[in-house]
Structures are given as structure tokens and as C-alpha cells.
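Chain lettering (A, B, C, D and E) follows the sequence in which the chains are written, and residue indices restart at 1 in each chain.
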Amino acid sequence: MAQKNRKTPKQKRKYKTVNSVPGTVTYVGEKKSLKTVVDIVNYNKNLCDFNTSNKVEDAFDFKGKEHVTWININGLYNTTEIEKLGKHYNLHPLVLEDIVTTNQRAKIEEYEDYLFIVFKMLHFKDDEEIVYEHMSLVVGENYLLTFQEADGDVFDDLRDRIRNSKGRIRNARADYLMYAILDAVVDNYFTVIEAEGDKIEDLEERLFLQETSTNEITSDIQKQKREILKIRRTVFPFREVVNKLEKSEWKYIDPRTNNYLRNLYDHMIQVNESIDLYREMIWGLMDLYMTNISNKMNEVMKVLTIIATIFIPLTFIAGIYGMNFENMPELHYEHGYIIVWAIMIIILIIMLIYFRKKKWI
Amino acid sequence: MAQKNRKTPKQKRKYKTVNSVPGTVTYVGEKKSLKTVVDIVNYNKNLCDFNTSNKVEDAFDFKGKEHVTWININGLYNTTEIEKLGKHYNLHPLVLEDIVTTNQRAKIEEYEDYLFIVFKMLHFKDDEEIVYEHMSLVVGENYLLTFQEADGDVFDDLRDRIRNSKGRIRNARADYLMYAILDAVVDNYFTVIEAEGDKIEDLEERLFLQETSTNEITSDIQKQKREILKIRRTVFPFREVVNKLEKSEWKYIDPRTNNYLRNLYDHMIQVNESIDLYREMIWGLMDLYMTNISNKMNEVMKVLTIIATIFIPLTFIAGIYGMNFENMPELHYEHGYIIVWAIMIIILIIMLIYFRKKKWI
Amino acid sequence: MAQKNRKTPKQKRKYKTVNSVPGTVTYVGEKKSLKTVVDIVNYNKNLCDFNTSNKVEDAFDFKGKEHVTWININGLYNTTEIEKLGKHYNLHPLVLEDIVTTNQRAKIEEYEDYLFIVFKMLHFKDDEEIVYEHMSLVVGENYLLTFQEADGDVFDDLRDRIRNSKGRIRNARADYLMYAILDAVVDNYFTVIEAEGDKIEDLEERLFLQETSTNEITSDIQKQKREILKIRRTVFPFREVVNKLEKSEWKYIDPRTNNYLRNLYDHMIQVNESIDLYREMIWGLMDLYMTNISNKMNEVMKVLTIIATIFIPLTFIAGIYGMNFENMPELHYEHGYIIVWAIMIIILIIMLIYFRKKKWI
Amino acid sequence: MAQKNRKTPKQKRKYKTVNSVPGTVTYVGEKKSLKTVVDIVNYNKNLCDFNTSNKVEDAFDFKGKEHVTWININGLYNTTEIEKLGKHYNLHPLVLEDIVTTNQRAKIEEYEDYLFIVFKMLHFKDDEEIVYEHMSLVVGENYLLTFQEADGDVFDDLRDRIRNSKGRIRNARADYLMYAILDAVVDNYFTVIEAEGDKIEDLEERLFLQETSTNEITSDIQKQKREILKIRRTVFPFREVVNKLEKSEWKYIDPRTNNYLRNLYDHMIQVNESIDLYREMIWGLMDLYMTNISNKMNEVMKVLTIIATIFIPLTFIAGIYGMNFENMPELHYEHGYIIVWAIMIIILIIMLIYFRKKKWI
Amino acid sequence: MAQKNRKTPKQKRKYKTVNSVPGTVTYVGEKKSLKTVVDIVNYNKNLCDFNTSNKVEDAFDFKGKEHVTWININGLYNTTEIEKLGKHYNLHPLVLEDIVTTNQRAKIEEYEDYLFIVFKMLHFKDDEEIVYEHMSLVVGENYLLTFQEADGDVFDDLRDRIRNSKGRIRNARADYLMYAILDAVVDNYFTVIEAEGDKIEDLEERLFLQETSTNEITSDIQKQKREILKIRRTVFPFREVVNKLEKSEWKYIDPRTNNYLRNLYDHMIQVNESIDLYREMIWGLMDLYMTNISNKMNEVMKVLTIIATIFIPLTFIAGIYGMNFENMPELHYEHGYIIVWAIMIIILIIMLIYFRKKKWI
């Protein structure tokens, strides 16, 4: 699995098709979803209406002033549908290009009639692998378009709140819906980072208990480091986006929404601080690991040295009296053998005292 | 205990409930205190009145212009009480949300009629463990609300000064009370950091004396490093808060109080410098420790090399004359045994001279 | 080849001829191409004309207002040709000096009538070696001059678009052509960086599989690190150039082109982030490599220690009973030999238990 | 002594008394001097008068417009004297608090009628230990107050210049006296840093000569590193103070003095650069030391490996022919013994060739 | 020589005489040249005149408006000459102090009638040692004064251009002469840095070939690192000086000169980038060296382990059958000796297979 994991970023690294005409809408990504699904939500204080279609034209009728229209496109592969929607809402060709360029980093662009925000949505697939889903958002006076790479998002709770009119949402306009969507995205950043933090703490525990083999834990730390770096790269630019959004004086942002955006910015600061904290922790783990290795090496070397230092001289003495010279008077002493043993034991004791003094044993 | 200590941050890492409606007042924390206690202090130049209750309504009567009212809430679990108080003092829903969100980082927000400040209060429990208590402060023209997670704070001395009218406090308004509270908080930062500094110096002493076992001291250094990082993360944003407070032109801050706030900002700079100093010191300890390990390893290796280098060749010579060849003329020399000893001693002396030249002994 | 590769930068390090008169047009570089080739393209909405010559004078006739003229010079060695063109288009002597100074870093200079941009064009030669080609661009109201060190560039696709009138190009003026050229350059930055990223991942795989010899991989990592550093040094300043270009209020830049330049700036940010990511990854590889070395050393030492610790004491025992004392009672026991074997096996078992407890085996 | 040295910072780490009333004048420090001595200097172009007293009241008479009055207080323990002086010159309570708070970092505060500057004066005691003396300076239109922790300062030369009317000093007002005092302080920073630089170079020499024992030099490097860090911490904030002073538009600073202050700021930049240089050098020493350790370890290991690799196989051969099998034909060869020797010598030569090829010998 | 080299900086570290009167002109330096030589150059479009004298008064006659006068002083020891010139040209005392203070870092000061620039001139002495020569430059409307520590500079080419009227120089005024001088200085920075770069590449080659002894190369790397750091420290501040010069709106700088100054600033950026590149490269060398050491150590340990692990058990077996027990049945087997050999060879083969599996051989 480690193998597979290391392979994934390779496939992802595909940038804008080189040398294509600027403004061309060509899908660049992993084609997570081949078919395009269109979710249309219409609501105001009194009514609320959910539709799903697979033709983008079905969304066109809802363009009006009476209610907020949220059109969500799942699947970026079918670029003609996106171009149709773009023409209908009068989007700039470069905006359409950014919508389908899945490696575009987070940014915000202010146009006369709409705001365009690109970012990554992070959520877990099967509670294990992190999905980095490219997402774009276009918000106008009374409509909001979202573009996702695939099915599955983090907005179910938000849809519930719209359906059941929980909180301010049904009384507010498209700018608050934009806030609610971004807030859900940032909340999921927390969830993902928390989970990564738990993994780091598990690694730390394993390091302390020294349960797992040396090679496995090194590779796990490396994998975790890379994951954190990837999250950091994906999430960090979004803070600047939220900051610009808060500072923006775009005509359709209600002053009351500004308090909420300030709050969102606070959360993004906290997200980034958490990421940096875990980054620091994982570097600390590497240090701890290297220290462990050094400690163990030291201990191993001490054992070797003690054994060798004691027995090599003794073996030498035994070797001496194993020689076959004709004329070795000690061999014929009555107590020669006992004396040699005594000498050996004295040497042993001296050695042990020396090691004790050196605090090796 | 190290085990327990490493576990604590895990439990704490709970952010705002994911996907909740923004502005919802849901307590997020460790529920340090289940019941809510309300301390009410009323004072002006002439009178001074202390009350304790467990209903927040008891505090409502004191809303007036004649005296400063300080309402302190201990325990954030019972959110309905906090919401009642919030309604009475007309606080924004997001303020109430931040009051009970215990992982909120330090920040200041200026509203029309009140200032809202969130921070962490640090003090020692049983003179050993650092308590990181989430605290919020709302200050208006003549009232001040504080919200603490649990019983026990660092304001006893301040209450004494109010009771006995020491210093300026009874002659000043709520803005000076705010300063006095923040000053007490910052003073306790010093106390906590000083204590951590002492621990670092103890660690250093132990490293120099090499008293304790290698594994224990590594783990202690790691623990200390983590504690310093945690303090840093908690305390650093507060400097910016104090800076904004000093720069603020909020209508109810007396110009005379500004000198005091500037002083407070100076102290916060000093707090942060101390933290960074200790952080640098603890990194230095790790380096020192690694150097110690290397030095010891080097010494161990030297001993092993000296012993092995001396005795392995000698043992070889002894081995030679332990061979059982029929035709070994040396064995029959009259002084063969003495000559072999002489050769061995010469080799030993040469070796010792070599080691001396290499400065190994 | 590693040898050759390390030599290359040495030859390249030739700066402006020391103590020459400022504004002198002396070619400084590797003389990639000795002859000068002039490509002339003329186009407007209706017509499009491609010419190639080796005399710069052939380009002079095309100076007019009706169409955009793109004059491309390949080969900077023949400085007189460049001086002639410079005089014709009224370029500042320092501009001409920069055009032929191939170690000039990327910069932009705004003159009254033209913009001057210097940068490096990166492309692959034989799909393997990166070519760092010095390139300059002068753009006026309706002409654009490019100067390249050698044949071969990244604009074939762009020429196709001009020829076949794909996209906006034939309807736009020289400022859009400038954008299109810079866009092609930046797209090639992506291609080159992607290829380097693949090499880094290959290195990582080899490190994990531990296939190749230790020395080879160290040298490969070093080479890769150096390549990344070189790309970084070459490409980084170009971001600032694009930024200045986007901010520039030069009279001949169409407001519609500004959206495209903003997009280009976005891409440059992404280019620089990718470079920094790979830089970080390659540093991580070095760490990983050092950790591997330490792990292996540890393992080697463990094996040595286990073997030595087991057999040195046993050999000592064997040595004892190899002594030739006359009076060694054990030698005459009937089961002496068996007992010695038993003792040895017991020692062995104790050792193994000790190692198991230490988790060495 | 190392022990003592490491203890000192512990005693120093005493901050503002926790929870005291803000503005309280309580001496916090090491009580370097118990009695308070007052030096009073009065001068103008024509006259110059030196007095010493131990009552601060003696200084009050000199308050006038005709001459510059410099009142220097040695000893901060007797806070009542300082409070009297503060009342006489109308100083803010927080200024008085900062004067006696010896751990206050360098800062400058501009009041209506006076400037207040706090900093550390560094000088050597007994040419060996660095004294970090807390010093404050209050300068008004025609008076200047200095407050020192203890006897002994760096102003003897300045007093001489006043006495003998050397340079501009007697023709200028209190602002130039302030400059002269700060200049003397900065000059002493140079002296102290130079001396530390010499110590670092001595350490480096010792490292190269490898004269001293390993543990001693590690501890000396650590001590030096800490000293440099302490100087840095003390001196760095003063640069900002001088910068603010130069930029200040306080009414009593003569425009002619500004040139001198700019010069002083230049010197402070140079002081800080020198400190950073030595900091970098001492980090380099640690690296050098670690490299030395590794080199030595490598050499030690090589010696061990060479000896062991040569003699262990030879000893094995000797062991073979020391076996007592009945049927060992080699033992009975006439030249068996010679042949064994020959084999051993051949093995030895092969080993030596191998080591030579590996460049180990 | 390494010894001598390490000593040099010690002698150089002499700052402004401590406690001297500010504005005193006291020479501080290494007294490279005792006698003062005055070179006077006068030129305009039509005439050009070179004089050398050793009295500064000889330069006074040339003060006029018709031509540019360049007075160059070699040797700063004789401060009275410099003071005379200073009085003649009305220079501020602090300017004179900076002229003779050879450790002054690069800076620019704008006075009413003249610009004052201090910097270091770098050139090679005997093509080997870098000379860091303190140099100052004062430029007025039609005169330019330069002050050098010693004979020998980098302006011979410039003098030639004046003499032979090459380039713009004779048609321009003193501001262009200033540019020409600074340009020559910056060109020499390139020469020096290039030479250092070559040395670093030689070091790298030696590291790869592993030709030289370990201690020698460590010391060479350290020396090179220090040289680069010294150049960096000397040259870096000059970039800011050139930047200020380019931004300056001083009345006597011709707008046409500004293009040249902008070019000069570009070169200084490139100089600083080169220095940082070499700094990074030399740090990389240290890393590479440490990796080499680790690789070698690993290899050494492997050889030791392989030899010891093979022969220690075999020696043990030989030891067993060297014991002198009476009752050792194996000794009397007919093929006992052969069997023991067989067992030993089997053990050897198993070991070799094990090592092969571990990829040690």
C-alpha cells in the first residue's frame, strides 16, 4: 500500500495542457466522474425546491430575482455542459478554464457581476484516504454555482438546514449561502487535520513503545510527513482567499455577512496554525526517532565493548598457557591452574569497577 | 505519567462541532466544571459589594451607571445561563459562540458598545501541572463580564485591591478594571514561564552531571519541548491582542489608561521573548544531548579499539605456539617461552606509544 | 557523465567582461550558435506571412502600422546584426548589452516606446538534458522582437496558431503576442519541472527498494538537488517580472490583455510553489537516506554484537581447557567434556534470552 | 566555575513582582548596591561643577535654565530617594517602576517634557566577567537623569571631556549629553563583543590543535554560545531604540545633534551585525566539533577493523592446528609449520593490498 | 598557512577608538600604507590632465567649474592631509571620521552639496589572497574625491578610458564618473566571487575523488566557508547603497545617468545572488562530506562485521577441539578432522548466504 500511496501524486501532477490556446476549456484531472450531474436548489423565506438533472439547461429557468438559486455541477469531464452554463451566466473564458483545471491553487477573482472562488474540498473516502477535490464557486446577486470533480461532498448538513430552514440561511441571500458553503469546507479541514493529528500521536506512541520494526516506522513517518505537506500546500492559500473575501467591497455582500466572514477568517488562521503545529510535531518525531537510534546504537556498542574488553584479555591469558613450549615453569606449579583463575578473576573485578566508574553498567 | 501527559492533548483537540449552524452556542471543551457560579462585584469610589449566586439573573439588577459591575461566570457547560446574560447585555451570537468554544485562539473584537477579548489564562494546579483555562472578557462602559471554564483564577489579589481600595482601581472605570485583569493574566504568564525555565535548567544540570538514564532524560526533554511549544502557541497570539487594544480608539477607553496598556504591551513582548529564549535553550539541550551521546560513543569505541588492538595480535602469537605441529623448532628452545613474552611486551609498548601519539590514551 | 555534468557550470560562469565600457555590446555566453538566423512573421486579421532570412535588414521593411511584426533572432554571436536592429528600432545601448549578456537574470524594463523583458527559456534537448536558453523580448506598439541564443524554441505551437488563426491571436495586437510568448515559456517551465519531479520520485523509489549502491545514489541525489537549485535560481525572478508586467500601466497594453497577464502571474506562482515543493522533497530524500544509513549501521552493529557477545565468552571457556597445566582436575573428570558443553549451551541460552528482552532479535 | 556560571541566570530571572499594583516602585534586581550615591554635574560654556552626595535633595537646587544638570543615581535599592527625585521632576509612576525593574528590556518613551530611555550597560568586571547593568536615562530641556544599579560605569572619559571642555560637549545642551552617554554605552558594546570574539577564536584554535579534552571543550563552546545569546538578547532591542530616537521629533533635540544620532544608529547596526557574525561562528564551531568527532570515530573504527580483520582469520588458522584430533596429517608434514606461516603471510599481504585499495591505510 | 589565515581577522577587528570624542579623525586600520599619495585627474570634452603629488594642497587649484576633477588619496594614515582636503571641500567632521575608520560598513549619506559613499573594494593580491580595501567617495557638482587605504586599485581601465576618451566618460560630468568608479568596483566583485566559486568546485571535485586526507579537506571547507561569509558581510550592504543611490533625487545626478545606476543595481543583485549561491553550495559540501564519512563508516563496519561474524564462530569450534579433556570421543574418530572442516565450511556458506540476503556483500 505504501507503494501505491507513493505512486498517487505522480499521476496527479498534470498541469494545464502545454501550449494550448489560453482560455480553452479542456478538462485536466483524474476524471473522477465521467457523467455530469446537476443539482438545483431554489429557496427563499417561504419556499424551497430541490431538483436533480443531468442536463444543465434544466437550471436555466430558475434565473430570477425572487429566490436564491444554487446550481451544483458534479463532474467536470463533460466540458460542453460547463461551457453552456458559463455562456448562460456570462462567465469569462479564463474562469471556465480555471473551473476545469483541477490543479489550480486556491484563488479569488472579483468580476463586475460575480465573484469567482477556487479551492480544494477535503474529505475522507471510506474513513481512510483523504480526497482532495477541486471545487469552484461562482456567486452572483441571487445565484450561486458550484463545480465539483465528483459525487460526494460536505454539504449534506447545509442542504438539511436549507430544507428545514434552520438558522439564518433561508432569510439571507446568495452571499450568506456562499459563506455557509465555505464554512462547511473549513469545518471539514478541521476534521481532516484532526484525524491526521491522531495518526501522528499514534506514531509517537509507537515510537515510545518501540513496538514496531525500525523500517516500518520510518516509512510511516515519511508518509505522514508527506500527507501533512500536501494538506498544507492545498489549504494554506485558502486563508489568503478568505482574507481577500473579508476585505472585499463587492457590491452584493451584505454588511451583516461580514461578521461571519471575519469569523471564517479566524477559523482559517486556526486551521493553518494546526497544520503548522502538526508539521512541527512530525519533524520532532523524526528527531526523536534519530535520537532513539543513537541511544540504541550506544547501548549496543556498550554491551559489545564490555564483553570484548572483559573476555579478550582473559582469552589471551588462556592462550598463553595453551602454548606448547617445552620449558614453561608455570605449567608445572602445583597451584598454577588455581593461580591463573585467581588472576583472571582479579582482572574481571578490575574491569567491572572501571565500567562502573564510567557508568557503563 | 509521561503516558498520561502525552494523552492529554488528544482529548483537547475538539474543534467547533463540524457542520453546526454558525452562531450556535454549544459548549466545546473538557467540561472542567459542570455547575455555573456567578460572582458579582459592584464598586465605585465609595462603596464596594461582593456577591455570589448560581443564577445569572441575580446579576441583572446591577446594570446602571453609578458603579462598575464585574460579573464573573465560572463554568461554561450550562450554555443557557450564558445565553441569558448575552441577551441581557445584547451580545452578538458569534461572541457567545466564541465564549464557549474553548479552543478559540486569543483575539479581540470591537463592537459598537463593547469590546470582546478571548485568551487563555495560565496557572498551576497543585504547583505542578499547568492549567490552560479558556477565558473571555466583555467590557462595556461601566460593566465587565468574564467567563471562565472552571473555579480558580489569578484574580484574588485584584479582588483584594478592590476590596481595600489599593491603587487607582476604585477611582477608575471599567476600562481600568479590564487592564487590571489582563495585567494579572500576563503576570501569571511570567510565573508559569519562569517555572518552565527552572525545569529546563534542572534538565541541563542533569545532562551535565549525567546522573539519570539516557532514555529518561530524552523523554523529559521531549516533554519539556512540547510544553514550551504549547505555551508558545497559547500565549503568542495574545501579544497581537494587546497591541490592537493599545492602538484601539474605542470610545470608552480613558486616555490615562493608554499608558498602562502600553506598559502591558511591553510586558507581552517580554513574555514572548522569554518563551523564545527557552525554546532556543531546549533545542540547545537536544543538541547538547546528541553531542554527549557522540562523545560517549567515541569513548566507548576507543576503549574497545585499544583493548582489541592490543590483545588480538598477542592472542594470535599465543595461538601460533599452541599449534601441535611436530616440527616447531621454537618450542624446544630453552628460552623460547621468555622470548615470546619479550616479543609480546615489545608489541604492547609499541601499541601504547602509537595510541599515545594518536591522543587516544 | 557525472564528471562532465559537474564541469558544465564552471564554463558557464562568465559574467560581463570586467572593466569594459558600460553599454558595450559584447557577446558573453557559450556561443551556442555561430550564425544568426532571422525569422520574420507578419500578420493581422486577414493576412499572415512567414519569412526566414540571415540578414537583419530584411526585417526592416515590415515596420508599419497595419500588421503585427514579430522578428525573431536566433544566435547572439554576431553582435553587429543585433546592433543594426537595435539602431533601427531605437533601442538603448544598455538594452543591447543585456540582450547579449547571457547570464543576465530575468528582469523587465519599461521605456517610453517599448517594453524590454529578459528571461530564460527552459526546454529539453534530446528529452534528457535541460537547456537554459537566454532570451530577450522587446515589444512595441505593433512589433515584437525576440532574441534567442540558439535554434530550437518552444513556440512552434504558437506559430501554428498564428498560421491557422486559432484563438484570439490574429485579432489582437503585439501585447497579446507578448502574452502568448510568455505563456508558452511558462508552460514549458511546467513541463521541465514535472520531469524533474518524476526523477525525484524515481530516486525515492530506488531509496525505498535499496536497489542501487550507496555511492551512486548519494551522487544522484546531489546532482538532482543541484539541478533543482539551478532551475529555481533561473525561474524565480521571472515571477517578479510577470507581476510587474501585470501591474504595469504601459500605454500599449490592452486592458483585455490584463486578465490574461493575471492568469499568467497565477501560473508563475504555481511554478514557484512546485519548485519549492520539489526542493523540500529532495531535502527530505537526503534525510531519508541518512536515516537509512543509520538504520543499516544499527543492524550491522547488532549482528556483530550478538555474534561477538555469544562466541567470545564461549571461546574463552574453550581456551581455559586448552591450557596445558599439569594439574587441572576437570580435564580428568569422566563427563568433563559433556559438562563444558552443557555450560556453554546454558550461557548461549541466557544470552539469547537477554537479546530477546532487549528486542535485538 | 562552569557550575557557578550556569547558576547565575537562574537568580536573575525575577520579573516584576506578580500581582503587585501597577505603578508601584518596588526594586526588582540583585541589589548590586545597597546605598544610593548621587553624582551631580553642572556645566555650561563657562563653568563646570562636580558634586557627590547621598541625599537626592542636594540635586534639587540645580534645576534652572542657565546650565545643563546631569544627576546620576548609583544604586536602585533605596526606592524612596528615586521617588523623591521622580516627584521633583514630575515623572510618570510607570517610568519610576521601569527605572527600578532591572529586567525591563531596552525601550524609549516620549513624554511631553522629557524622553525616557531604558537599556543595559555592558562592561567587564575584573577584565573577565561581563556585568549587565540596568540603566535608565531621563532627558529634559536642560537636565539629564541617569539611574544605575551599582557603582562603576563607562562614563569616566565623558566626565573628563566635560571637565576639560574637549569637543562640542560644553557648548551643547542636554540632548548632546544624552548622545554622548549613549555613544559611550555603544562603544562599550564593541569592547565587550570584541572580547567575546577573541574567546571564540581561541576556542577555534583549541579545536584545530585538539589540545584539550573533549568534554571540556564542549562545555566551553556551550558556555560561549550562551554568553553570545545573552548579549544578543540584551543589546538587540537597543538598535530599535536608537532608530526611534533618530526618527523622533521631540522638541528639545537640536537638528545638529541628528547627524550624531544617525552615526550612533550606524554603530548599533554594526554592533548587531558583529553579534550575529559571532553567533554564526559559534554555531560553525559546534559543526566543526561534531565533524571532528566523526572523523576521529572513523579513524578509530578503521584501526579496529584493520587489526581485527587481519588477526582474526590468522588466529583461526592457528586455532585449527591447535586442535587435538588424532588424525591430522598436516601436523606431521616436515614443513607443515613453515607452510602455515607462509599461508598466513600471504593472507596478510592480500589484506594489506585490499586495505590499500580501499584507501584505509 | 591555515594558522596564519585564521589569525588575520583577529588583527583586523579594531573598531572606532573607544570613548574618543565623536568626530575625531583618528586612523583606525592596518596602516597598509604609511605615506599619502595624491592622484589628480582633470578632464572635460577637450582636455585631460593627470598629476601625482604627495601634498594635498596641489589639488586645490583645480577646483573650478570648467572640468571634472578627480582627486584620489592613497593611504589614510596621514590624517592631517585628509583634514586639510576636508576643510577645503567643506566636509562634515563625521564624514572625515568615516573616511579613516576602515571597519565602517558600506553606506551612503546625502549632504546638501555632496554625496558621501563608503564601501569595500575587493581585489586579488598576487592572484591569491583577497584584499579588502576600505574606500570612500565624495562626489560634488564637478569634483570627485576618492580615499583608499593603499596603493593598487581596480581603476586602471577607467583611467585609460578617460585618457583615450573611450565611451561617454569625457562628455559626462562627475556623476557619471562616480557611476564608472562604482561599476568598476562591482565588476571586481564578480571577478573575486567567480574565483571563489572555482575554488568551491575544486573542493567538490576533491570530495568526489576522495583524493585528499580527511582532515585537510575539512579544514579547507571551513576556510572557504569563512571566506564566503566574509565577502558576503562586506559586499551585501553595498546593494542597499546602490539602491538608495538609484532612488536618490540629489540635484547633481543627471537623469541620463539613472539608467546606468539602475543597471548597476541589477548587477549588485546578481552579485548577492551569486554569493548566496556559493554559500548554499559550500553548505552542501559539508553535508556531502558528512554523508561520505557516514558511508565510509558504514562500509568499514560491514567489513569488520563480516570478518568477525565468520571467523569468531569458527575459531570457537577450533577452540573446542583444542581442549585437553581426556575423554573427548570426537578426537579419536578417524574422519573427525575432515568432519570439523566440513562443518566449518557449511557455517561459512550459511553466513555468506545470510550476508548476501542482507545485501552486505
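Methods note: a residue touches a chain if its C-beta (ideal position, glycine included) is under 8 Å from a C-beta of that chain, and two chains touch if they have at least 3 such contacts.
Keep in mind that what you see is a predicted model, and the values were worked out from it rather than measured.
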Joint neighbours of subunit E and subunit D, given as chain labels: none
Subunit B-subunit E separation of Cα centroids, rounded to whole Å: 43
Geometric centre distance via CA averages, subunit C-subunit A, whole Å: 27
In subunit E, residues with contacts to at least two other chains: 294, 297, 299, 301, 304, 308, 312, 315, 319, 322-324, 328
Neighbour-by-neighbour ring order, given that subunit B leads and subunit D comes next: B, D, E, C, A
Residues on subunit B engaged by subunit A in the complex (per definition of touch): 2, 6, 9-10, 13-16, 18-19, 21-24, 92, 94, 103-105, 107, 109, 210, 214-215, 218-219, 222, 225-226, 229, 233, 286, 289-290, 293-294, 296-297, 299-301, 303-304, 307-308, 311-312, 314-315, 318-319, 321-324, 328, 330-337, 340
Sites on subunit E touched by subunit C in the complex: 154, 157-158, 161, 166-168, 179-180, 183-184, 187-188, 190-191, 194, 197-198, 201, 204-205, 208, 259-260, 262-263, 266-267, 269-270, 273, 277, 280, 284, 287-288, 291-292, 294-295, 297-299, 301-302, 304-305, 308-309, 312-313, 315-316, 319-320, 322-328, 358-360
